[in-house]
Structures are given as C-alpha cells and as structure tokens.
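Structure, as structure tokens:
A, B, C and D label the chains in the order they appear, each numbered from 1.
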Amino acid sequence: MSLGITWVTDWIRQSARVISEHRVELITLDREIGDGDHGENLDRGFTAVLGKLDDLPPDSVPGDALKLVATTLISTVGGASGPLLGTAYLKAAGAVGKEPELNGAAIVALLTAARDGVVLRGKAEVGDKTMIDAWTPAVDAAAAALADGKNEVEILQAAADAAEKGAESTEPIVARKGRASYLGERAIGHRDPGSQSSALLIRAAADTAAADDSSAGEGSSADDGSAS
Amino acid sequence: MKKLINDPKDVVAEAVAGIELAHGDLVTVSHDPLYIVRKGAPFSGKVGLVSGGGGGHEPLHGGFVGFGMLDAAVPGPIFTSPTPDPILAATQAVDGGAGVLHIVKNYTGDVLNFETAADLAGAEGIEVRTVIVDDDVAVKDSLYTAGRRGVAGTVLVEKIAGAAAERGDDLDAVAHVATKVNAQTRTLGIALTAPTVPHAGEPSFTLADDEIEIGIGIHGEPGRERIKLEPADAIVDRMLEPILEDLPFASGDEILLFVNGMGGTPLVELYIVFRRAAEVLAEKGITVKRTLVGNYVTSLEMQGASITVLKLDDELTELWDAPVQTAALRWGR
Amino acid sequence: MKKLINDPKDVVAEAVAGIELAHGDLVTVSHDPLYIVRKGAPFSGKVGLVSGGGGGHEPLHGGFVGFGMLDAAVPGPIFTSPTPDPILAATQAVDGGAGVLHIVKNYTGDVLNFETAADLAGAEGIEVRTVIVDDDVAVKDSLYTAGRRGVAGTVLVEKIAGAAAERGDDLDAVAHVATKVNAQTRTLGIALTAPTVPHAGEPSFTLADDEIEIGIGIHGEPGRERIKLEPADAIVDRMLEPILEDLPFASGDEILLFVNGMGGTPLVELYIVFRRAAEVLAEKGITVKRTLVGNYVTSLEMQGASITVLKLDDELTELWDAPVQTAALRWGR
Amino acid sequence: MSLGITWVTDWIRQSARVISEHRVELITLDREIGDGDHGENLDRGFTAVLGKLDDLPPDSVPGDALKLVATTLISTVGGASGPLLGTAYLKAAGAVGKEPELNGAAIVALLTAARDGVVLRGKAEVGDKTMIDAWTPAVDAAAAALADGKNEVEILQAAADAAEKGAESTEPIVARKGRASYLGERAIGHRDPGSQSSALLIRAAADTAAADDSSAGEGSSADDGSAS
C-alpha cells in the first residue's frame, strides 16, 4: 500500500475530531502549568482547517493538503503552538513535495520534516517538556520501523505509540521551554499539553491510515490496487 | 464563571468594538484582521510603533494607542498571542516610511508570531525592528527557561519609545531607547486570586484563603512560590528585594516607581503597596522621581499587584514627561 | 478575607499616605484631620469644591482633586461617611473668599455630617452651598426610602462643577451647574460579586454562582432584585430601560455615556457593556457625544458595573471638555 | 435614690463594653441590610469616648459627661449613626443641664431629649425601621413608669425592656429611612442594627443604675443617703 490524498484529508478530519473531543482535557493540562488556552487554540485552528478543506481542488496531492493545514494554523491559532505546529505542517508539505502517494520512506520524511520545523522555530530539545518530547520519539520509532521493513500503517502506529510514551515522559520533569518553564520544580507531575496534542495528532495519522488500509483491502473506496 | 460577556469566543472582538465606540476620537479599528490603529495613521516620516499580544491585559495594549505612544495594537484571543496576519496588517497600516518598531513581550507565542509578521513585512519592503520586553525578575535563568516574561514594564517601554518616535527619532534611535528602558526596568508580581479565562470557565489555579502566589505572570500561570498571606508591608518588602538586587539599584539612583494592579485589586490596596514601596526606597536612598499607580497591565479579574522600578536618567525622564494622549494614559494635551 | 492591607483600621490612612507619595505634584495631605487638598489651595477668588464620603470607592474622591475638579476630598473609614471635623477643616483649607461648594452623595450619614460641617463653617463666616447627588434610579420613591443614592454620576458632577469653578463662576453659578448635572444624570448598577469590608472580614452578601444583583449601590448593600446571570447584552438592555425611562431621554438627545466598573470587573467586560449600551442608544436615536469607561466610582473589589447617562447641552459639553488635571481624570494639560 | 455622675460614667463605660462585645453582631446585622459598618462605627466611637473619660474633671455633673459623649461620637463615628446618636447625647446633656443628681423626672427628660435629637436630625418615625423604633417605646415606657411612681432604676428598666421589644419590632417590616430602605421588601425579616445598638445602650443605662443602686444600698460608694 501507499497513502494518498484520501488518507491525508481523513487524517486532517480525524485530527479536528480528536482535538475537539480533547479540547477540555488540553485546556486543563494547560491550566495546570500554562495559561489554559491550548485546547481552545488548536480547536479554533482545526475548525478553521475543516472549513477550508472542502475547497481543496479534487486533483490535490498530500503536500497541498498539508500546506493548507500549515497556513490555516499559522493564521488562526496564535500563541506558541500556532507557529510551531504551523511550521511543522509547512515543512512536512515541503518534504513530500508534489508526490501523489506516500510510501514508508515518504512518511518518515514527512514526520522528520515536521519535527525539524518545530525545532527550527522553538529550539527545544528532548527533555525540555514540550511537544518535541512527542515528536522526536515518534520520528525515531518511524525510522526504525521503516528500517525494519514495516509498512506505512505499521510505521505510523510505531510513531503514535512512541509519541504517546513521549507525552507521558514529560510528566516527571521540569520544563525548559514554554510557559511551564516559569514554574521550575512546580511543573513536575504535570503532562505537557503540547506533547499530548501532538501525540493525538500522530495517533490520528495512524488510525486513519489503518482504516484507509482496511477499506482499501475491502476494495470499497480505494481505486489503487497497490495495497500491501 | 460569572462575567459580563456574551459568547466567550466573542470577548475580544466585542471589547474592541467597545473601544472603537468609546475612543473614536483617538483610534480606528480594523475588524478583520483585528487591530486598533491610531487615528490619522500612518504619519509620514514618523517611526510606527506596533505592540500586541493576547487579550485580557486591558488597557494594555489598545488603551495605549494614540499621540506619543503606540500607533497600533494587535489583540489576540484572551491570553493568546495574535497570529502574524493582523500583526502584518497593522505594521503596514502604520508604516509612514520611517520603519516600524515591534514591541513584543517575551513569550514564545508572541515572539514567534511577531517574528513571522516581521519577516513578511520585511519581504514587502517595510523595515521592522523588534524589541523584546522581559522585565519580570521572577523568572530566574533564561538558560533553563523560556526567559524572563514581559509584564508591567511594557507600559513604560511603550510610553518612552512612543515619545521618542513622536519627537522624530529614527528607527534605530527609537529601538535603542526602547531597549534601554527594558534594560533598566525590573518587575515582580504577586496574586491573591486566579483569573478565569472565559473559554476555560474555571480559575486558572486555586489558592487557599490564606495563600498567595509570589512571582506570578499575567496569564494565570502559577507563580514560582506559594506562601501564606502576610501583611501588605511584609509582602512589599519581599517583592522589592529581588527587584532591587537584580539591576542592582543603588543609593542615589533616581527611579520611576510603578505599582500596577492585576485587575481585581482595589486602588486603595495599590496605594497601600505604593506607600510601603516608596518608604523602603527612601530608606535605601533611592529617589522616587516619577510615579504610576493603577491597573495598566492586568490579568483579567485576578487580584494582585506588581511593583516595577525603572532607573531614570535625564533623557528617560524627559521622554516620560512628554505629552501623551491615549485612552489609558494621558497628559500634556 | 484576602487583601493587600496591614491593619484593617489603617486602610484608609495608609492609602491616603500612598496617594500623597504618588501624587505629590497634584495634592497635599492633612493627616489629622484626614483630608486631601489641591496643591496651592486656597485659590483666591475661586469657589472651592469639597467632596468626600466613605473610603472604598477610589479613585473617588481623592483621585479627582486637582486643576479643574475638586479642591479637597475628605475620606471617611471604608464605607463610612467622614465626621464633620475633617470636612470643616477641608472647607477652611480651600476657601479662597468666594465660598465653598459641598458635593455630597445622598446617604443619611454623608448628608448629616456635611450638614454639621457646613453649619460650623457658616458660623466661621465661610459661605457654603451644598449639592446633593442622587443619580441612582434603582431606588424608587423617596417618600418611602432615604431617597436615591449618589453613585457614579458624582464624577460627572465633580468634573463639570469643577470646570465651572475653574473658569471663575461664582458660588451660585457653580452650585447651579452642579445641580443641573445631577438633574440630568441617571445611573443603574449591577453586581456579580460582593465586596468585603476589611473590618467585617466577610463578603457583604452572598450570591450563587449564577446570580447577579440588579440595582446595587456602592456600599455592598444588596440590590433591589436578584436575577439569574444573563448574557452581557441582555443585562445591559435591562439596565438601560429604567435609566432612559426615568428622565426621560428621547430621540435627538445628545448624551455622555459612562460605563463605570465597580472595582473587580476587568476593562474588557466594561467595553463589552459599553458596546451594547452605545448600540441600544443609537437605535433610539440618542447620540453618544462624550464617553467615559473605567473604574471611577468603585465598591472595593466588587465585580459589576454601572451605566450612567448624562443629557448634555452646549454648556455642559464645553465644561466637560475643559482641561482637568487630577490623578484619575486628566486631559487638556 | 437619684443618679449622679458615677452612674453616668458607669453607664458610659458599660456602653463601651457592650458595644465592643456586640461589635460583630452589629456588623452582621448591618451587613444583611446595610453596609456592614455599624458595629465598627460605634466601637470606634465608644473606644474614643473611653479614652477621654478619664480627663473629665472630678467635679463634673451628668450633663458634662453626656456632652463629652456627644462631641466625641460626632467627631469619631461618622456615618448615619454618628450624627444621630451624637445629637441624642447632646440634647440629653442639654435636658439635664447642670443638675448634679437626676431623679426620675430628669431621667425621663434625658431620654425624651435624646429621642427628639435623633428625630430632629433623621426625621424618622416609629415604624421606619430605625433606631427610633427602640427610642420612642423606651421614652413612652419611661414616662409611664414615672407616672406610675416608679423609681429611677425601675424607669430605666422599663425603658430598656421597651427598647428591646422595639428593636425586635423592626424585624417584620420594610424600612423607610437609612440604607435598608433601598432594599424594599428584602429588608423584611432582618433586625435594624441601629435599633439593636440603641437597645443595648439603654439596657446599659438600666443595668448600671441597678448596680449603682444596690451598691448604694450597701453604702459602699454612694455618699448620698437618699436611696429609695
């Protein structure tokens, strides 16, 4: 198999859904060690993305959809997460270029570029208690899965598992970037909201890839017979 | 949550509409993208001053748009930095050919969004300089944090840089004076209660009836330390110590003393705080030459106060005294 | 009770000491008896303006002492009218030979204490006239009550009468213009929370999380009616109705619209209230010619707001626009 | 018996004591239908009176002590109760003039003048839910007791009983004077703080007269043998 525009748009819709479902949870996490707007910010952003998704021309490639997400997040989210995630999607779009179908290597390139985009803007390292603590393990796990010959769905699932563990790993530590860094030791015991939302977004990628894959297997919606 | 609002999503837009109706003699409002601009802008040959940031800190920044201070203010949603689009639009709206200064409080979100806007403005041929305000001594070491926050000192930077722009200083000079004010300003804030962000619906943190937060920011972030409530004088002594040590301020210095309310603290308490702060400074031989007391950089309805000390020199004093005509700060005209 | 205070008994005296230190360019303070007087007073040949009342309403009245407004303010303990002694002393201190106007909010305590002081001043040969401010439409019928309260409208009376005195009007004329402003001013207030008087230590009343008080005063007295919280626009509509009916204001009128915060409500909410009030007035053909938004007549940290409408004419507009230089209201110099 | 300077100064000291003991109760009553300062106001006033009482010349008569209370309350209490009670004591002082000893008729004259002083300043009538609802029944009861041939202690006790009943009578009614009048029907069910404090002051008069009387009976402090 490979993943095309259907997967990307499914992923985006699913992202909007899970962010909206977890809006209050993300606000609560951010209230505890930040300023309580993270769920609201991303929900506003992805709601705006949904509104624009229908206008995407039918012949769009994955990169087009990712770019749409990028520009929409940048111009509607604000805060720290807007430019950071916006840049992630922008760099991801650049990495997949005009490719209509993304194989495993392209998926890894997409995730890597996204992570690098966040680092470019935010200068955070693993262990700083930011969304990077979800992204970097996800990228590493995806690369390892690719090296192990796993397929696209398996690669994304490995990434999602690692992102979730990464989000969890932010709990026992102090922060060195973002608002939680103002708290010093008092941030210990709280999960970083941005790592949590990033884990949700990467999980959405895996879930929609799996659904895509199984429906492709059933031949119900995919017109592309190359499913693995 | 009890607030005089309609839909939480409309809080900032409706408040800005109110500002437009209340202060139409001073400002004009662009509703989409949302920003507040000084009436008559751009002023040819004058450096344009743009600031902005999340809403909920009123009168910052919209209340400081006008003669001798800001040319535009860009409000984001409550406690959330605006996106680059309205910052760019505001920058374009105030560019009178002499370039534009961005005054940005040091938060990751504000810095990144203003940075993008500055890049985009630069690509359109507008010269933009950025001054980051980071006056909050509560945040210790920028190696291990996102760096000191920009808090109440922002008003002083905006007033003094605004006066420099108004007298005709060029972009370099205005940026230089803004940088200097920031470098000579130190603030520490405390909170007695937490603010409630409208979309969150619950207080940002909870404090027992006898607890206060020391070293609080202006976004409902908890402070660095929680202590038992003490008499005002003891709290003021605690607040002044890190401020005075940090610069360090010394006997013989002339300063501006600014006691800022966080929104929910009555003026009577701010004056009690001011009284003690002035007493302590006098004991240390530091002369309070200029003063400001009131709710200027707030955190919604949070109860609390911050103390800001700005080390003055003749130039800064002169620029502080220069006429200003905005909704929230006005003298000399 | 959480407050930035020392001993509850010292709240007003310490705050006034803070005012003295912060605004020494504008005012001088007498500590015993306690009053705040305009720097340079008395002014020979100028009518002196004295107001006062319980503390806890800051910046009223101390924040309005200065050029073009009050000559002296006499603060009592929190929410308690001052006694005659400091009122008499303040009256003596501002008498420049042209007589003194007492501006008194209509509460039994204020009226009686100012009355005694006026009698004593009269016995010393100072001509005193008194104007009672009673702009609060929430109190219905003075046959069955102590009469309407003086609330936010007091600021407008003080500003406009102050301008009349400053331009040289004699005592009769200043009293006449003050009486006229009061007659043309109507206010209604609401509260979302209660204030806590320092010596009482507990909130003056309790409201459920979804309740507000309509027709509240500025002393933590409960209002006339308690209703469920509504969107701001609905509350504003409810507030404007009795105000507009009472005078009655009519299409074609030109007015000053004043949205006053009770102390604990953030500015962002006051502007939302202002926006709706201006909208409703525009629909009725009433022109908002002048505006004021902010915390001017407060009730400690009470959350809430009042709306005041003053019917303008050319003279009142001109006096409103005249320069004023006080700690809390300043323009034109 | 008759009542002299010792009784008046005892009464004043006892007044300061009961006001201080009931400070919180009076604040609470005033919080419910007023502005929560009544107990604080009177406590401040009577504390100031105590401070001045020691300076009273030894040859003072009752009228001198009453005048001292009057001027001190007027210059330290503020609010509505300061001028009202101040005037009450001022008029009471006027009524007893230079008389060194007060018989029953003088006591009734004192109470009547005090009540009239409050009415002169405050224009309240019985039933307006003010301190007058304590004072007027007290005056009436005192006058009736005098007419019945009761002695000074009995007259003051009748006044105190009536004042307490009068304070109670303010509970079921709406107010037409003072801050409680702003509340309309909502004042019903609450006792007027000023009527309560006035009842306390009149009870203090009766209690100290009784103590004075019994100690006079024991011959311990009275040098006047005319006790009834």
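General remarks:
Assume a residue touches a chain if its C-beta (ideal position, glycine included) is under 8 Å from a C-beta of that chain, and two chains touch if they have at least 3 such contacts.
What you are looking at is a predicted structure, and each value in this text was computed from that prediction instead of being measured.
Here the CA centre of chain B is 29 Å from the CA centre of chain C. Chain A and chain C have Cα centroids separated by 56 Å.
In this assembly, the C-alpha centroid of chain C lies 34 Å from the C-alpha centroid of chain D. Shown for chain B are the residues that touch two or more other chains, namely 78. The set of chain A residues that touch two or more partner chains is empty. If you sketch which chains touch which, the chains link end to end in a single open path, with no loop closing it.
Chain pairs that touch one another, listed by label: A-B, B-C, C-D.
Chain B makes touch with chain A in their complex at residues 54, 76-85, 107-109, 112-113, 115-116, 138-140, 144-146, 149, 197, 199-200, 202, 204-205, 217, 219-222, 224.
Residues 1-7, 11-12, 14-19, 21-23, 55-56, 58-59, 63, 78, 192-193, 209-210, 212, 229, 231-233, 235, 259, 263-275, 278, 288, 291, 293, 295, 298, 300-301, 303, 305, 325, 327, 330-333 of chain C are the ones that touch chain B when the two sit in their complex. Residue ranges on chain D touching chain C, taken from their complex, read 27, 31-37, 40-41, 44, 74-84, 121-122, 174-179, 181-184, 186.
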